[in-house]
Every structure is written in C-alpha cells, then in structure tokens.
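The structures come next, written out as structure tokens.
In what comes next, chain A is part of two complexes: it sits with chain B in the first one and with chain C in the second one.
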Partner chain A sequence: MRRDESLQSIAKFIAEYAAHMMGCGVHTSRVVRSAKRIGDAYETDVNISVFQRNIILTLKENNSDKIHSEVVDIPALPISFEHNAELSALSWNIYDNNLSLADAWKLYNKIVNAPSIDSLFVLILVGFANASFCKLFGGDWFSMTIVFSATITGMFLKQQMQRKHFNHYIIFIVCAFIASLCASTAYLFDTTSEIALATSVLYLVPGVPLINGVIDIVEGYTLTGFARLVNALMLVLCIAIGLSLTLVLVKDNLIIN
Partner chain B sequence: MKIFWDTIADYNQTTWVAQLFIILIGMLLTGMLYRSNKTWIKTAMKGYLAFTYLWIAFVYYLYFGEARSYHLVMTIFWSLMALVWIWDAAKEYTTFERDRQLDWLAWILLVMPFIYPAVSLARGMEFPQITSPLMPCSVTIFTIGLLLLFSKKINLFIVLCLTHWSIIGVAKTYSYNIPEDFLLAVSAVPALYIFFRQYFRHTLKQPSKPDAKYIRALLILLFTIMGISLTGTFVWGVVNHAFTL
Partner chain C sequence: MFITDILIDAFFAAVAGIGFGAISDPPLKAFPYIALLAAAGHACRFCLMSYGIDIATASMFGGLIIGFGSLWLGKRVHCPMTVLYIPALLPMIPGKFAYRIVFSLIMFLQNMDNPTERTRYFEMFFSNSIVTLTVIFLLAASATLPIFIFQKRAFSLTRHNNKQLSA
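Moving on to the complex of A and B:
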C-alpha cells in the first residue's frame, strides 16, 4: 500500500462513507465510483455489492493477496444534496491530494456533522414551493395562499412525526390527509379549489428516490433501482390513501363539467 | 350567503342559553388560569377548549350548518383540532406558562370575541342573525389570545391550524359579507409571528443553517407580506364598499 493505513481501517472508512452516501439519496453508480476512487487513492481495489439496506464491500491490496470484507447497514437519513455533493468532492480531494486516512475521517465527520438546514427555514420554503406548484398548474392567488398554509401545516406535522420516529408510511398517509383536508377548505370559495386540493400534497412526492430508481436501473443496478422504485411507489400509494380520505369527504363538492 | 346567515340565526336562536353558559365557564377558567398555575386548571382549560371545538364541529357545523354544502369537512377539521387538545392534555404539552411579554395584545384578543356581536349590531343587524362569541372565528381568536397570554411553550400544530382558519376568515369577510372576521385576520398576524419566534427561539440559539438572523429576517418578511396583503385587501374592501354606497 502507498501509505501506512491498514486494509481494515481503509475498508471501515469506505464502508461508512458509501453507506452514508446511499442513505442520503445518492444514486448507486456514483457511490460505487466514489468508493472505488478512494480505494485507488489508497492503492486498493474496491468491489462493492449494494443492496437496499446493506452494502458488502471487499478490498484487495494492489500487489498482494491481502483481502478484507466489510458489511455495513445503510442508515435511514434525510435526503441531502449537500452531503451528496460534498462527499463526492471529498473522494476527489482524497485522490488528488493524497490525504491520510485520519485527515479523510476529519473531513468526513466535518461534512456529516455540519448543522443541517433549519427546520423552520425548510418549512417556509416548502410552503412557497408548493404554492408555486399551485400557480404553475393554473391556481389563482387565493388558492396559492390556501396551499401555502395547508403545506406548512402538513409539513410541520411531518417534521414532528419524523422526530418522534413514527412509521414513515403512517406519516405520509396522515400528512397527505391533513394537508389535503386543509386545502379542501378552498371549496368554500369561488376559487381554483381543485388545483389547490391536488397540489397540496405535492411536497410529499418522493422525487429523489423515484429519479434514483430510474437512474440505477438505466445504469445496470437493477436490484437497488427496483427496490428504490418500489419504496417510492409505496410512499406514493400512501399519499394517494391520504388524499383519497379527503376526496371521500369532499366528493359532493367536486364539480364535473 | 342567505343560507349562511339563516343557519347562524337558527344556531343563535336555539342555543343562546347554552352559549352563554359555555362562555361563562371559559371566562371563569381563564381567570383561574391567570391567577394560578395548578395542573388541574391547565387540564380543565384544555378539556374546555376540546369541548368548545367539538361544539363548533358537531353543534355549529354538523347540526345547524347542515344546509351548507361543506359542513362535513368543517366538522372533521374542528374535531381533529379537538383531538389535538385532548392529546395535548394527556401529554401535558402546552404548559400554559406566562411569558409576560405582550400581555396587552393577548388581552385585546381575549376581549375580541365580545366585539364580534357588537360589530354585527353596529352594522344594523339584529339578534339572532348576528355573529356570536361561540362561533368558529371567535373561538379561534380566543384560543390565539389565550396561547399568547401563556406563550412560553405552545402547541404549534394548533397554531398552524388556526392560522389556516384565519386565512379562510379573510376570504369569508368578502364572500359571506362578514367584516367582523377582519378582526381575526388583523389580530392573528402579530400573534402568529410571536408564536413562531417563541417556538423556534431555542433552536435558533444553536448553530443553524442558514444563520439565525436570516431565518428571523425570512419570518419578518413573511409576516410583513401577510400584513401588507391584509391591509391592502381591507382598504380595497372599504373603498369598494364606499363606491357601492
């Protein structure tokens, strides 16, 4: 090996690194590429099998027969584009600047322990984003206001339930129901209420797993891709259940032209 | 609009004695809560709020509001908020501890439900076709006032639901010709800003991203936009009304 680091310590770092990347919503090929790059930096050959909940990693020292394997669980983390970008950049940093494993750990911990985006900030911006969706689909200003309010109510509930570690399928059903119920009050007024109702649950759509699922399948990681798609579709189903509960209540108000 | 005011008249005519009784209990509990912070009084107040919300859900909307097309969803909306109060009482979440920062605003809000019928009478309406202190918007404003008086730790989910109701209140001002509801909208904005500030005060002290000052600035901007929109809507309504006359 190029440096003094043991094969085991390198494997532990790469396993932790890859598991965190998978957990925060990075598509599989990027995780594999980044892990192999770090392996190259330490003159080891990395082979990875990625599953939905675990990663199996085997490192082989170049120019010797030493092999070490690690199995690591993928943690359930919130989607983070920031971690995605910074961890990817870290792999290049290790490769280009010949960082020691201690320095790599230091930088890795700095990235993963950095303060996450404030929940109030997220709450308000998600409200604005969903209100903008309402406008995009042809909603008027009053519907947008209703959607904004309904979204922050549902999103706040989601944040609180996630903090209390509720089952995420339950969270999606409850939040879709509450947000759409709040949005359905638009039916009281002469406004674009159908658009308000339909767009009030869009903040729950699991866009990143859906996109990653497709990317994984296209790039040949069919197993993880399919698992991600099934997981995302289950969440979409939960949104549909929550929205349906509201629709059952307001069905008399739906105008059929 | 006729159905709306007819159902209100029917509701007031039939339930005014019960309404009076419920309002008196509310006044008594508010006074007791102000003087003492015993746990049973706090639980009783939460029970009272849950009962009042259920009253709005089942008596006001489900029974008397049956003629309105949208009574069932309102029943569920208010029942859900009542459930949250019951959960709150069981978990002792809202502490009903005084912050003493904006007591004057809290007292204005607590008195506001009694201004509702006064405004209706001033507009030339007659009992029973007037707004009363035990109607959705009056109950919302009472709850906001109460939470503002004891704002050390509040249940923000309830506040968000009440915010949603306040937004509906603004629209109702014009759709159903209830200018009284503008009181709710106007008073809710500063109160809601305070609730948000209070709720996130402890998290903003920790290192956050973006910096706490930007989050505070975003909050101020949001509520300034809300305030300007409400004022604009109000001025537009007054001017429109003046031209109609």
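Moving on to the complex of A and C:
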C-alpha cells in the first residue's frame, strides 16, 4: 500500500490537514482519529499532541526506525461544518481507495477552497432563527418582528466588521450593543419587551465552541476542551458587556419579574 | 390544543436550528436533518417540561434524542454526528437564563446600597448561572453519549464504501 512518498511529505500533509480541522471547529478526538487514519493509509504510525494554538505530531514508519516530527500552528478560521464533514470523508477516502499524496492534496485543496454559503442568505436565516427563538421563550409576534430587525442589523454589522478584520472581541461588544439597542425600542410599545431584549443578542452566542469544549472534556481532551470553553466564555463576556451598555441606558424602564 | 402547542414549538425550534446552524456553514444536504433533529429535541423538552420535569433533566432527554437521531441520520448524508447535532442543540441553549445572569449582575451593581435588593439580585445571579451551566453541560454530554456506546458506527459515518469493509 505504501508508495514512494517520503515521510516528510506525508507529515506535511497530515500536519496541514489536522491544523485546518482544528481551526475550523472540529472536536479534538475526531482530528486525532482522522490524522491517525491517514497515517495508517500510508503505513506510518502517527502520534499527536494537540494544544490550543499548535499541533505537534510525530510520524514513525511502520517497518523501519525512521521518525519525522512536525510542529504546526493552528490557523484561526471561521467555523465550518462543511469542512468538518468533507475532510472526515476525505480521510476515509484516502484509507479505502489508496489515494496518492498528490491526489489527496488535490482533493484537500478543492474542499478547503470551496465557496461557503452566501452571506446574505445566512443573514436572513439568522434573522428568522432569532425571531423564532423569541417565540420559543414566549414572546409575541410584535416582539418577534423587533428581534428580527435587531438581529439583521447586528448580524450585518458583524459580517461587515469581520470582512474588515476587526478584533473579534470588539466585534462582539459592538454587535451586542447595537442589536440590544435596536431591541430596546420594544420598551416604547406594549409587548413582551424583556424577552425581545434577551433574545436580540443570542445570535452571537458561540454555541459551537461551547459544545465542542464540553465534548472535548467528556472525551478526555481536558486541555483543549478548557481552552475552547475559556475562549467561548470570553466572547460571552463581550456579549454581556455590549448588552449591559444597553441595560444601563434603559435601566429605568426595566421590568423586574 | 396541547398537540398544536407541541407542533408550534417544534416548528420554531427547527427554524432556529437552521438559522443558527447556517452561521457555522454546514453542508447543504444536512439542513433538513438538522431541522428535524432540532424540532424533535426541543419538542421533547417542551413536553417533559409541561409535565413538570425540570429544565435540566428535560434538556438531557432532548439531548439524548438529538444524539441518537444524529447517529441514525448521519449515515444517510455521510456527515459526522457533531455536524448534525451541534446546530440542533443550539436552540436548546437556555438564552433567557443567560440573559438574566447579565441582567442581575448589572442590577446587583446598581443596588449596592440597598441590602434587600442586593441580596435578591445576588441570589438571582447564582441560580441563573447554575441553571445555564448545568443545561449546557448536560446537553453536550448527553448528545455525545451515543458516540461512546456505538463507537464503531459513529466513527465511520463519513465512510462512503462500506462494501470493502464487509468483503
């Protein structure tokens, strides 16, 4: 099964693959498993240490004592389930179909460079999602429309700021503030305004790192799990700061339940 | 009327699941299944909670349904379980409690001179924090449970040619 690829070139591919997977929000055990699977396909033994910002991996050839180590930085990528699914499938494809390294690179680049969902489409879906969230918490139709418009405003701002590569803490504070400020108009009307205000910032909650963090901890990767949770909690804190700016502004109107 | 309530709840949970999932760029083929799982999980929690079960336990059962559902449906679309169940879990994150944490923190700081009010917001802060953290932990842990039970199946969901395996 082993072709004439050098240990170094295999290591380079696996390092790039694992770093991309970690960067786009795949939980640690899957990254390790997929990397080992690819290593298996090329008749090498892969051992990996995963940290929050780096991956260290060592490849050992099965029938000799050649060893190669690689350290790679994990890039900060937007979360992508598409990449998660496709790259996991790629590891099985390599394993089952004896792909050469050149073919593997070709498929990998095709997956990584595929266009993501149109941002306008995402914007509208997120608006509807947050409005339905408002309904789930017991908001009425009027609150839902307010939350819809507040979310669209905030999410649009987030997309624009991300395109300009602002610091993501700043993005979260500003977007939470603007969205909740839009939603606080609900206090002018007779509606379920507390629920409207509460749900208006929920589109920002970093649910994927939060859940990934718990999954990592449950599966024994406590270090990366905690790192993910801490990162997610920092973002939650930023949302709280943005929201509190609004709350302080409108605090005289707040209804205490 | 109860059935209509459940259906309404399921519908809005499905919309929320799709929308929050869309932020994380899921494969297009996975959308219908995400919606289905989000609806099933949230409706389950809604039913249990209307029978008087607390939000943490009800969320755990909702999470279990979503976890096992994603194991079952993942094979059809060749998606890892997490791709289906993370977006489906997002509508179950207890946002209202999370909001009350921030709210009570602000009000606590604003009422430092007033002992009765201060104690009240202090209590509100902790009870809401406990609920939020427990629910999120139970959701993620219970949805992950099927991976531990059916490891072999869970690890090969994205494998396309299982013929080779049986041959």
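One rule holds in what follows: the second predicted complex is superposed on the first by the 255 of 257 C-alpha atoms of A that agree within 3 Å, B and C clash if a C-alpha of one lies under 4 Å from a C-alpha of the other, contacts with A are read in each partner's own complex, and residues count from 1 in each chain.
As a working rule, contacts are C-beta pairs under 8 Å (C-beta built on N, C-alpha and C of every residue); 3 or more make two chains touch, one makes a residue touch a chain.
On a predicted model such as this, the values are computed, not experimentally measured, just so you know.
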item	value
Touched partner set for A:N84, first chain B, second chain C, both or neither	second
Partner chain in contact with A:D65 - chain B first, chain C second, else both or neither	neither
Contacts of A:E219 with chain B and chain C, given as first, second, both or neither	second
Greater residue coverage of chain A in the superposed arrangement, chain B or chain C	C
Which superposed partner A:L136 touches (first chain B, second chain C, both, neither)	second
Which of chain B and chain C A:L249 touches, first, second, both or neither	first
First (chain B), second (chain C), both or neither touched by A:S116	both
Touching partner for A:F189 - first (chain B), second (chain C), both, neither	first
Contacts of A:L181 with chain B and chain C, given as first, second, both or neither	first
Doubly contacted chain A residues - partners chain C and chain B	116-117, 121
Complex contacts: residues of chain B adjacent to chain A	69-70, 72-74, 76-77, 80, 156-157, 160-161, 163-164, 167-168, 171-172, 175, 196, 200, 203-204, 206-210, 212, 214-215, 218-219, 222
In the complex with chain C, residue positions of chain A that touch it	25-27, 30, 33, 78-86, 88-89, 91-93, 96-97, 116-117, 121-122, 125-130, 132-133, 135-137, 195, 197-199, 201-203, 205, 207-208, 210-212, 214-215, 218-219, 236, 240, 243-244, 247-248, 251, 254, 256
Parts of chain C lying in touch with chain A, wherever the complex brings them together	8-9, 11-13, 15-28, 30, 42, 78-80, 82-83, 86-87, 89-91, 93, 95-96, 98-103, 105-107, 110, 136-137, 139-141, 143-144, 147, 155-156, 158-161, 164
Residues on chain A engaged by chain B in the complex (per definition of touch)	114-121, 124, 142, 145-146, 149-150, 152-153, 156-157, 160, 178, 181-182, 184-185, 187-190, 246, 249-250, 252-253
